[in-house]
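After this come two complexes, each holding chain A, first together with chain B and then together with chain C.
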Partner chain A sequence: MKKYLYVIKTQIIKSMTYEFNVYGNIIMQTIIMITSAYFWRALYKGQGMVGDVDAESMLTYVVLSSVLSVLLITNVERRIEKSVEKGTVATDLMKPINLFGVYFAEDIGAVIALVFQNMLPILIIGSLMIRVPVMADVHDLPLFLISVIESFLINWLIAALFGMIAFTAVNIDALIQVKKHLLRLLSGSIIPVWFFPAGVARVLESLPFVYIYQLPLSIYIGRGTRAEHLRQMGIQSIWLVILAAAFLIAQKKAAGKVMVQGG
Partner chain B sequence: MKNLFRELIHYLDVTAHVIKMAVMTVIEYPSNIAGWLISNPLQFIMGFAIIKFVVESFGQINGWTYGQLAFLYGLSVISHALSMIFFVQGWFMGYYVIEGEFDRYLTRPLGVLYQFFFTNINIFGVTDLIPGILVFLYGCVKCGVSVNLTFLVQVMITLIGATLIRGGIYILLGSTSFYTRSAVDFGQYTQEIMDKTTMYPLSMYPESIQFILTYLIPVGWISFYPAASMLGTEGVRSGLTVSLVTLGVGIAVILIAGAFFNRGLKQYESAGN
Partner chain C sequence: MIDVKNLSKDYVLKRKEPGLRGAIKGLFRPDHRIVPAVRDISFHIDPGEIVGFIGPNGAGKSTTIKMMSGILTPTGGSVLIAGRDITKHRKEVVRNIGVVFGQRSQLNWDLRLGESFELLKHIYQIRQEDYDRTLDEMDRILGIGEIIDKPVRQMSLGQRVKGDLVASMIHSPNVLFLDEPTIGLDVSAKYALRKFIKEINRVRKTTVILTTHDLGDIQELCERIIIINHGQIVEDGNLSQIVDRIAPYKTLVVEYYDEFAPEHDRCEMTEHKGNVARYRFMKKDLTAAEVIADLSKKKTIKDISIEEAGIDDIIKIAYES
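Showing the complex of A and B:
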């Protein structure tokens, strides 16, 4: 455990060194957040409730989605790709520490740094310029926090599984892009799935993606009843277990493959 | 005069060779082509599907119907694709500055700006072009646009202007690396901001933002004003005027960007000591 804490610490320090990138990110994410706020304002002009949500809640959704997106940044897929490309993966595997444990610890470290570097500034800017994202029902807070943790894990596992493709394919730049777009469009991070046609929405609700963004955010803005939220969190947990199992199996296989490649 | 002509011929000759080389490099990695062939169209087709869903739930965005939005979106994606083919290098300029890659260009007897962009022509941009054209044609059909000579000329002039505006902005942003000496990857964010400001009607933003996007960062001319003019919405002038303004803005932006690039290049000190 101590080893991983050390990795987390180094990653935090590493992330803190690139100051210019931090300001750049904040400015860019602010612009994106504000433009989406105007997009929704224009849509809701002269309309009350659309898709069981009013304009106010939708703006909360936008602010919180931007905040959450900072937490859901993963680097594991690029990390794997790089280490396979450069061949460092062989020496990494020799170390007396789990390779994916290190990648996970690195991503945790990066996210901890980002909470202060990006998340809080974006939350403050969003509150000042768009709307203070007040939670619909404070009693849902525990549910919200648990679902955020689960969504973080699901997101990371999907990224790690994608990254493992690099063990055989080596170059996965295009695949990473495919994954990024799929995730952005199918997770409700930009546009909630409830605006989609009923059939499409139903299909998406059986996939893991909506449980990354949309579930925590709907709990936060209070869309749907608590019973519905609990049921959806059940599905979220099932996906977490499935992905974790897939990850463990794939990890064993992938590690074997790299050994063979190394000779 | 004769010298200038010879130089121009020389540049065209080099360009032809460079394009041939670009095609050859692409063919060398077939698995990579497959990846981009899926990834790029997917992004735009899904983006467009989502606009469809949202607009159908709400009826319209700021008075723009679904067909008109398809027209706007298509126009924007086509110019995006063209700028990806010719100017995508601007996104990576930071790396070139940090790694000292400009040394190579400085030693050759051709313009550095020309070499930087044209020796790296990105044939993959075609994968953006196809969905763009499809969505645009779909929008034309939905809006019942009458295709005549004026319309075609309008579209051509607009696309040239719009591509130059986008390219100029990439060069301007990329050239900041000469001064900051950092390798910020502008690409992803630039694209997202450009998407948001060129794929939806500009009139949905408050007047202050509209002012900025019309006069200071002229992205409004990439798709919004030309589309409004061709479709006759928002009370924008019809006819060739708007397209010609777009072309003018595009030329102005690219000239400013070129000057900024050349000024930055003087500060360039290569990598190391």
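Showing the complex of A and C:
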């Protein structure tokens, strides 16, 4: 366990060396927040509630979605791609430490660094320019935090499973982009799926993606009853277990593949 | 220390036909071809040996070293390190092995060198006093004190290779594999690297297996060489014995005052250009002194020098076979 903590610490140090990179994301998130805010304000003009949500809650949703997006930045796909390309994965596999454990610890470390470098600035910008994102009911806080942790894990597992494609395909740059944008669309991070046609929404609710963004955000803005939230968190947990199982199986196969090819 | 038995490795190559049609055909019906890289090789290495693997590019040296260090799974045969099979007991065996690949680094690009070492210390769970002792020793041999606080991305190749060597020794392995460690290094960096290998072999009795194209590495470091060509062992044994067997001759270069050069009945004149003639003689039949004495009876000699058959002759002969 101590080794992984040290990997986290090392990653924090590493993340601090690329200070310049993080400004790009702040600017991008600011643009997304502001355009989304204009969009929702225009849509809500003269309307009290749309899809059980009022305009103010929707703006909270926008700001918090950007804040949450920082926690959901993963590097594991790129990390696998790079180490396969450079061939360092072969020597990495020689060390007495689980390779994916290292990747996970690295992503945790990166996120910790980003909380200060990225999340706080975005929260401040969003609060000043759009709305201070106040939670609808503070009693939901524990539920919200648990669902965020689960959404972090689901998001990471999807990324890791995705990254394993690099073990055979080597270059997955384009795929990473497609996955990133598809995930933003399907997870309700920009437009909640309750605005989609009922049939589409139902399909999306049976997929894991909405449990990455939309579920924690719904809990935060207080859309739906607690019973509904608990039911959805049940589905979230089921997806977490399924993805974890798929990951564990794929991980074994992937390591064997690298061993045979030798990078 | 190391037992290699009937080791072999086949690579599956996808052959692609040229042009767009070939590319499309390759998508649906890839043409697989099996290429043997290493064929049925066996040898034994004792603790504390320094063994040089030599052979032309693509001969199977790196593939062999990768299988020995557990990076590649062999198609057939086995590798035992300290009595344990590397494919079966990988986790334990790997703790006993250090690896340096000259062309790729295991150091972390964005970290200072010392931070990379600290990370390895935690990964291998090395006690602080052991870690300090190792670093002190490495600093004494390689002088890494001045680069320990430097980020790896700012290092020269020579410094980076030094860093990689130290990184491979942090967990004090008994066996060290070096795949073309001196590639691209300048003279002083090469010298430092050779000194390092000699020192850890002398002080720690580390077994060292290295592949190289540098004849200086072999001459200075290896008592034993294994020559590999076309995936098979061509020669395996003591360096000077192999030299004596494959090239048991010396060449005497004689300069006269004019263009006439006398023959010697037990030497072969291999070259005669201007005032200079080259005489090749077998070491077991003649000494250089006898040849000089015989020749100087026939003609006045201006200058002489003796050329030993070197490791390069051996390699040329072995590679061409």
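Everything that follows uses one rule, which is that the second predicted complex is superposed on the first by the 261 of 263 C-alpha atoms of A that agree within 3 Å, B and C clash if a C-alpha of one lies under 4 Å from a C-alpha of the other, contacts with A are read in each partner's own complex, and residues count from 1 in each chain.
Basically, a contact is a pair of C-beta atoms (placed from the backbone, for glycine too) under 8 Å apart; a residue touches a chain by one contact, two chains touch by 3 or more.
Computed from a predicted structure; not experimentally measured.
A.B. asks: Once chain A of both complexes is superposed, is A:M28 in touch with chain B (first), chain C (second), both, or neither?
C.D. replies: Only chain B; A:M28 stays clear of chain C.
A.B. asks: Check the residue A:I190 against both partner chains and state whether it touches chain B (first), chain C (second), both, or neither.
C.D. replies: A:I190: touches chain B, not chain C.
A.B. asks: Tell me the contact category for A:T17 with respect to chain B and chain C: first, second, both or neither.
C.D. replies: Second partner only.
A.B. asks: Of the two partners chain B and chain C, indicate the one touching more residues belonging to chain A.
C.D. replies: Of the two chains, more chain A residues are contacted by B.
A.B. asks: One more residue to check, A:L248. First (chain B), second (chain C), both or neither?
C.D. replies: In the superposition, A:L248 touches no partner, neither chain B nor chain C.
A.B. asks: Considering only the touch criterion stated at the top, classify A:L230 as touching first (chain B), second (chain C), both, or neither.
C.D. replies: Touch status of A:L230: no partner.
A.B. asks: Classify the contacts of A:K95 with the two partner chains as first (chain B alone), second (chain C alone), both, or neither.
C.D. replies: After superposing on A, A:K95 lies in contact with chain C but is clear of chain B.
A.B. asks: Scan A:A169 for contacts with chain B and chain C and give back first, second, both or neither.
C.D. replies: It touches chain B, and chain C stays clear.
A.B. asks: Share the list of chain A residues that count as touching for chain B in one structure and for chain C in the other.
C.D. replies: Residues common to the chain A contacts of chain C and of chain B are 18, listed in rising order.
A.B. asks: For a test of understanding, state which residues of chain C touch chain A in their complex under the given definition.
C.D. replies: Per the touch definition, chain C meets chain A at residues 63, 66, 69-73, 91, 94-95, 97, 99, 101, 104-106, 108, 110-111, 115, 118-120, 122-125, 151.
A.B. asks: For chain A, which residues count as touching chain C in their complex?
C.D. replies: Residues of chain A touching chain C: 2-3, 6-7, 10, 13-14, 17-18, 86-88, 90-97, 259-260, 262-263.
A.B. asks: Quick one: which bits of chain B touch chain A in the complex? Just the residue numbers, please.
C.D. replies: Of all residues in chain B, those touching chain A are 29, 31-32, 34-36, 38-40, 42-43, 46-47, 50, 53-54, 57-58, 61-62, 180, 182, 184, 189, 192-193, 196-197, 200-201, 204-206, 209.
A.B. asks: Give the list of chain A residues in touch with chain B in this complex.
C.D. replies: Interface residues on chain A, with respect to chain B: 18, 20-21, 24-25, 28, 31-32, 35-36, 38-39, 41-45, 47, 50-51, 169, 171-175, 177-178, 181-182, 185, 190-191, 195-197, 200.
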